[in-house]
Amino acid sequence: MIVMKASATEDEIQAVLDRIESCGARAHPSRGEEVTVIGAIGDREHVARLGLEGHPGVEQVVPILKPYKLASSQLRTAGERTVVEIDGRKIGGDHFSMIAGPCTVESRDQLLSTARIVRDAGGSLLRGGAYKPRSSPYSFQGLGQEGLRLLAEAKEETGLPIVTELMDPRDMEAVLEVADVIQIGARNMQNYPLLTEIGRSGRPALLKRGSSATLEELLMAAEYILKEGNPNVLLCERGIRTFETAYRYTLDLTAIPVLQEMSHLPVLVDPSHAPGRRDLVQSLSLAAAAAGADGLITEIHPHPEQAVCDGPQALYADDFAAYVERVERAADVAGKAISAGV
Amino acid sequence: MIVMKASATEDEIQAVLDRIESCGARAHPSRGEEVTVIGAIGDREHVARLGLEGHPGVEQVVPILKPYKLASSQLRTAGERTVVEIDGRKIGGDHFSMIAGPCTVESRDQLLSTARIVRDAGGSLLRGGAYKPRSSPYSFQGLGQEGLRLLAEAKEETGLPIVTELMDPRDMEAVLEVADVIQIGARNMQNYPLLTEIGRSGRPALLKRGSSATLEELLMAAEYILKEGNPNVLLCERGIRTFETAYRYTLDLTAIPVLQEMSHLPVLVDPSHAPGRRDLVQSLSLAAAAAGADGLITEIHPHPEQAVCDGPQALYADDFAAYVERVERAADVAGKAISAGV
Amino acid sequence: MIVMKASATEDEIQAVLDRIESCGARAHPSRGEEVTVIGAIGDREHVARLGLEGHPGVEQVVPILKPYKLASSQLRTAGERTVVEIDGRKIGGDHFSMIAGPCTVESRDQLLSTARIVRDAGGSLLRGGAYKPRSSPYSFQGLGQEGLRLLAEAKEETGLPIVTELMDPRDMEAVLEVADVIQIGARNMQNYPLLTEIGRSGRPALLKRGSSATLEELLMAAEYILKEGNPNVLLCERGIRTFETAYRYTLDLTAIPVLQEMSHLPVLVDPSHAPGRRDLVQSLSLAAAAAGADGLITEIHPHPEQAVCDGPQALYADDFAAYVERVERAADVAGKAISAGV
Amino acid sequence: MIVMKASATEDEIQAVLDRIESCGARAHPSRGEEVTVIGAIGDREHVARLGLEGHPGVEQVVPILKPYKLASSQLRTAGERTVVEIDGRKIGGDHFSMIAGPCTVESRDQLLSTARIVRDAGGSLLRGGAYKPRSSPYSFQGLGQEGLRLLAEAKEETGLPIVTELMDPRDMEAVLEVADVIQIGARNMQNYPLLTEIGRSGRPALLKRGSSATLEELLMAAEYILKEGNPNVLLCERGIRTFETAYRYTLDLTAIPVLQEMSHLPVLVDPSHAPGRRDLVQSLSLAAAAAGADGLITEIHPHPEQAVCDGPQALYADDFAAYVERVERAADVAGKAISAGV
C-alpha cells in the first residue's frame, strides 16, 4: 500500500504505477479527494523489493502482509497453537513450563544441588550456561565443554531436560550432545548464521528477544529457524531497553498476549535478567504468569552471593519451592498448569 | 559524590574542594590508585546547587540523597505505607482499589448506566472525564461543567466517589465541587502550577506518570503536591514510550514493586491507555494485580463502538463484573483484597 | 485505511463497512488474495472518530491524512515556508536566528552584561527565564515579575527582542508586557489550555518539543496555537529521551530536515539542554547549523560556575563571539546567514 | 562505591564490609548524616565481581572505574588519538575519511562503475557487502564468495582499499583475502566469538554500534578486539532505536564528541542506514562532519531504484562528487580534511 503525498503530480503517480507493474505486480490506485493511495498486489517478495520509500511523490509505504509466514498465526485456524514437547514436558497451550537453574555452570556441586531442587519443586526443565556471552572480555566466559559434561550428569541424575546456550556455530556439535533445548541469547537474536544452523539441527530452540527488537523482528528471527524445517521455537521476552534507569531493562509483559496473537509459538518470560535484582523476580514472575505466559525461565543458585555471574538476580535455591507454588496460583488465574513431565 | 577523571590534576581537584567548601558544605576526598572521589556533605539544597558537572577534571557527579523527601520511604519505618481513604474506600496497604468508568462523560444515560454497573460489580470509585486533554485541537474536548454536573448526579445516585481530571488551574473551583480524587493526566505530570494548586486544595490526587518520565521524576512531581501539605497522592503507571510500535505504550509493571520500595505512596495501574486495545486490557490488569499493584483504573463503556473518545480501549460494561472477579483472584495472589466501601 | 486480518470473516468485514457508512463516510473495500483492505473516505474528523482499532477482524488502522492541517506543508505550494519576523530579525527560509542568554534571570548585572555580549556578537534575540519549571519544588523557581522587569530593561538598553517562558495562563498578561516571543517549555508542550491562550494572544511562540514527543505530536501541539489564528510558531528540538545514559537527552538532529519537510514552520535547536554539558554545546551547535536548522537558542552566562540554574551547560559569555563566528560558517554550508536585525 | 540505604542496619553495613574484604579488596566506609557510602578499592576484576547489588541494605552500586581499559582515553596522555592508516589513507586525528560504495555487491558493472566514481570524487575507501545480514530469511543474502571476487577486482582497478562485512567466523579466511577493513554490523556488535576472531586476525575493524547499545557497551565490544592485540578499531555510529517513528533510526550525533572524549579510537558515522531515506543523507552527513566525526560511510548506487537492497537510502552515484565537496566544507568547520591516499 503506497500513500502518495498530497502534492504528488500525475507523473509521479504514473511512475509509481509503472514501477509496480515492472516487477510483475498489479497496481490498484484509489484517488481520494486529498491524496492518492496505491495498492500493490502480487508476489510478496517482489512487492517487498519495490523500494518505493524514497520515490518522488511518495509519502509512506505501508506493508499489509506480515513478512513472517511460518511464525504467523495469519494462516492458521484461529486459536491453533504450537505445543512443544520436550521429553514429556509440554510447553504452550494450557501447559505452563517452569524452567530454572543457575545462570552459569560453575561446579559439580553447585549444578547438581540446584538440579535436585528444581526437580523436587516440580520444575519442568533445567537451565545452565556453559558458554556465556559477557559484556566484558575480562569476565568469566563459562566452563565450556566441561560445563556441558556437568549438564549431562545433572540430566542423568535428575531426569530433567537441559536448556543451554549456543553462541558460536562451531560449538554446535558439542552442544547437541547435551541440549534438549538450545538457547539463543538476546545479543544473538539476529545472528543469522547461528539461527540457520539451529534451524538445520532440528533441536527445539529458545529464542530470546533482543533488548531493542520489535516483536516483528523477533518473529523474523524465529522465521530463520522455522524456514529450515525446525518447527519447535520458543519465544522469550527478557526485558527491553527504555529510558528508565531505575532497573536494568523494562520487562515488556504486553508482549505476551500480543505475541500470542501474532504467532502460534509459545511465549516464555525471563524474570531474572530484566530487573537484575532478586527482590523483583517474584513480582515479575507472578505478573507474567497472570498475563498468560507459557512459562518462565528463572535463575536460582544455592549461594547467590558467591555466584561468579549475575548473583544479584538469582533466587535462593532454598526459596524455589515456595516460589513455584505462588507462580502456580498466578498461572491458574490465566488458565494454565505447570507441566513437569510424567 | 564527585568522581574525578583519572587525568585530573591536583589543581583541578583542589578547585572542586574549594567550590564545595565555598557553599558551606564539607568535602571528603578519597584518593584511590587510579581516581579520586570526593564526597560533599552538607545541606541537601546547597549541595544540589554546586553545579560541578561541567568542571575541569570532573568525570561524573553521583547524587547520593534522593531529591524527593516527602515521597520517599527513606525516612519512614520500613514497611510503613500510606493508605488513602476516600469515603470508606481504602487504597494502599492490603487494600486493592477498583476504579472504573468511561473515558469521557458523554451523556446522562451513558454515565448513569455505567456507574450502576461499577457499583453493582463492587467497584471502588467511578472515573469519568469532563475536561479531556486531546492530541488534536479538532477532537472533542469534553463536556466541561455539564460533565461535572452529571458526575455529581452519578455520585448522588450510586454513592461512588468520583475521580475526574483537572487540566487548567482556572477550573479548580468547579472541579472541587464534585471530585473526591483529582486526576492529573500524564501530559500534565510536570505542570507545576497545576500540581501546586492541587497540593493547596488538599484534595486526594491521582498522579499519572508521564509517558517518558522516570520513576524519580514521578516522585518529584508528587513532591510538588506533598510539599503543599497534601499527603494523599496516588501514583499511577499508564505506559511509557519505547521503540516498540506493536502497541501504543509499553506498560511498565516493574514500576509497581520499585515505586513501592522507593515510596510509601499507593501505586495504581491504568491498563486501558497503554495498549489502547480492549483485547489486551484483561491480561494487563491481571498482571498488574499479581505484581502487587494497589489498584486499577479501567475504562468501561456501555457501547464502546459509539464512544466519542478512546472507544477501542474500553471494556464492554456488561463484561465488567466477570472482569472484576478475575482481577480479585490475581490481587489475592499478591495478598490484597478489593476495598469497595462499607 | 482499515486492514482486516487474514482470518476476518465476511460478517466482520460487513460490520466494518456498515460502521463506516453509519458515520457518513464512504467505504471502499479492496479484496486481495490474502487480506482485505478498506478505505474510508469522508470528513476527516468523522473518519478519525470511527474507533475501529478494536473491532473484531480488524488488524490495523492506518491513517492516511495528517491530523495537523495548518502546520502541514501538504496544502502549501512546494517550498513555501513561513518566515517569522521579530522586530526586523527574520527566522526561517534563508535566515538563521541566533538566540542567546542566561537560563534564568538572576540579577540586573548578570542579565545586562549578558545582553550586551549577545548584541555585540551579532545575536538575534535575547533569551532569559523569569518563570522556571524545575523538577524539584525545592529548587529556585525564577524571579517572576521582577525577572520580567529586568528583561524589559535589557531590551530597552540593547534593542534585542526578548524570548521568555510562560508556564501558567494566569501570568499571561505580565508576560505579554515584555515578551516578543513566548517560549513554551518541553514539559508544557501538551498543556492545551496554555497553548490555546498563547494562540489567542497572537504573540509569536517558540514551542519546544517534549522529551518523548513524536514529530507528529509536536505539530499537533503547534496546531493548537495556529488554530486560534496565530501563525507565528517556531518549533524547537531540544533532545529526546532514549536509553543512552552518557548524556541527559539525545539531540535528534534528523528532526530538522524532517520537520522542514512535514511543515512550513521554522525549526530551531536548543544545543544546551540536551547534553547538559558545556563542552558538547559547540559540536552540537555546528551540527545543527550544518543540518539546516533555522536557528539556535543557546544558554550563556558571565560566570556559569555561579549560576543558580543549569550552570554546567552554559557557555562562558566571553566565548560567545568566537562561537557565533563558527556557527555562521556551519550555517553557511547549509545556505543560511544570521539575521541580527537592521 | 556502594551506597547503603538510609534504613540500613549496622549489621547490614558490616556484612558488606566483610564481603568486600573477603574478595581481597579494601573497604572505606564514609558515614554521612543520612546515609553510609562504602568505597571498595582493589583489583578491578575482583571488585566488579562482588555482586553487591542485591544485598540487604544496599541502595545502589556505582562503578567508578571504566570497565574498558584499552579503548579508554583514561590512561592516555590527554588528546593522544589513534590514527588508523589503510594503504596511505589516514583515519582519525585531523584526517577525515570518506568511505562509499553500494550496500550490496550486485554485479561487476554495478560495482566497478561505482568504484570509479568513488575514486574520481576523492573518496578514501570503497565499501560493498558480499555477506548481508537481512531481517528476513527470504531476502537476498549477498553474492558471497563471488561478491568478494568482484571487490578484489574493483580494488585492483581503482586502488581503493576495501571495507566489507564478516558475519560468520567460518568465512574469515575468504574475507581476509580481500578486506582491508572488516566491518562488523550493528546486529553483530555483541557477537563475541566473531569479535575475538577479528581481534586475532589483526585486520583493521569497523565496528558498528548496535541499535540499542550504549556507548559503554560499544567500547566494551571494541575491547574484545583490542584485547587480542589488534589496535585498529574504527567505531561507527549508525542510528539508535527510539520512540520516534518518523524515521527508521535516530542518528545520535552527540555520540561523536562523547566517544572522542571517552576513547582515543576514531569515530565514523553511517548517514544512510539511520534515516533509510536518500533525501536525508546529505543533511545528516554535513551535521556529522561539522560535529567532528572522523569520517563517513555512505551508500551510493548507480541506479538506486534498481538496487536489490536498501535502494531508497542510496545516493545517486552521479551526485557523489557534489556531495563530497559539501562534506569537505563541513569537515573543514571542524578542522578536518579528507584523506584520499597518496
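Per-chain residue numbering starts at 1, and chain names A, B, C and D are given in the order in which the chains are listed.
By our rule, contacts are C-beta pairs under 8 Å (C-beta built on N, C-alpha and C of every residue); 3 or more make two chains touch, one makes a residue touch a chain.
For clarity, every value in this text was computed on a predicted model and none was experimentally measured.
Taking B-C and B-D together, the pair of chains sharing more C-beta contacts is B-C. Distances between chain centres, each the mean of the C-alpha atoms, put A farthest from subunit C.
At the interface between subunit A and subunit B, two copies of one sequence, more than half of the residue numbers in use appear on both sides, so the contact is built from largely the same positions.
Work out the mean CA point of subunit B and of subunit C, and you get 26 Å between them.
Distance from the subunit A centre to the subunit B centre is 31 Å, each centre being the mean of its Cα atoms.
With each centre defined as the average position of its C-alpha atoms, the distance from subunit B to subunit D rounds to 39 Å.
For subunit A, residues that reach two or more other chains under the stated contact definition are 212, 241-243, 245, 279. Taken in their complex, subunit B has these residues touching subunit C: 19, 44-45, 48-49, 51-55, 67-68, 133-139, 141, 167-170, 187-188, 190-193, 196, 210-212, 217, 220, 223-224, 227, 241, 276-279, 304-305, 307-308, 310-313.
Residues 1, 3, 5-7, 28, 30, 32-35, 37, 39, 41, 62, 64-65, 74-75, 78, 212, 241-243, 245 of subunit B are the ones touching subunit D in the complex.
Looking at the complex, you find that subunit B touches subunit A at residues 212, 214-216, 240-247, 250-258, 261-262, 274-275, 279-280, 283-284, 286-292, 326, 329-330, 333-334.
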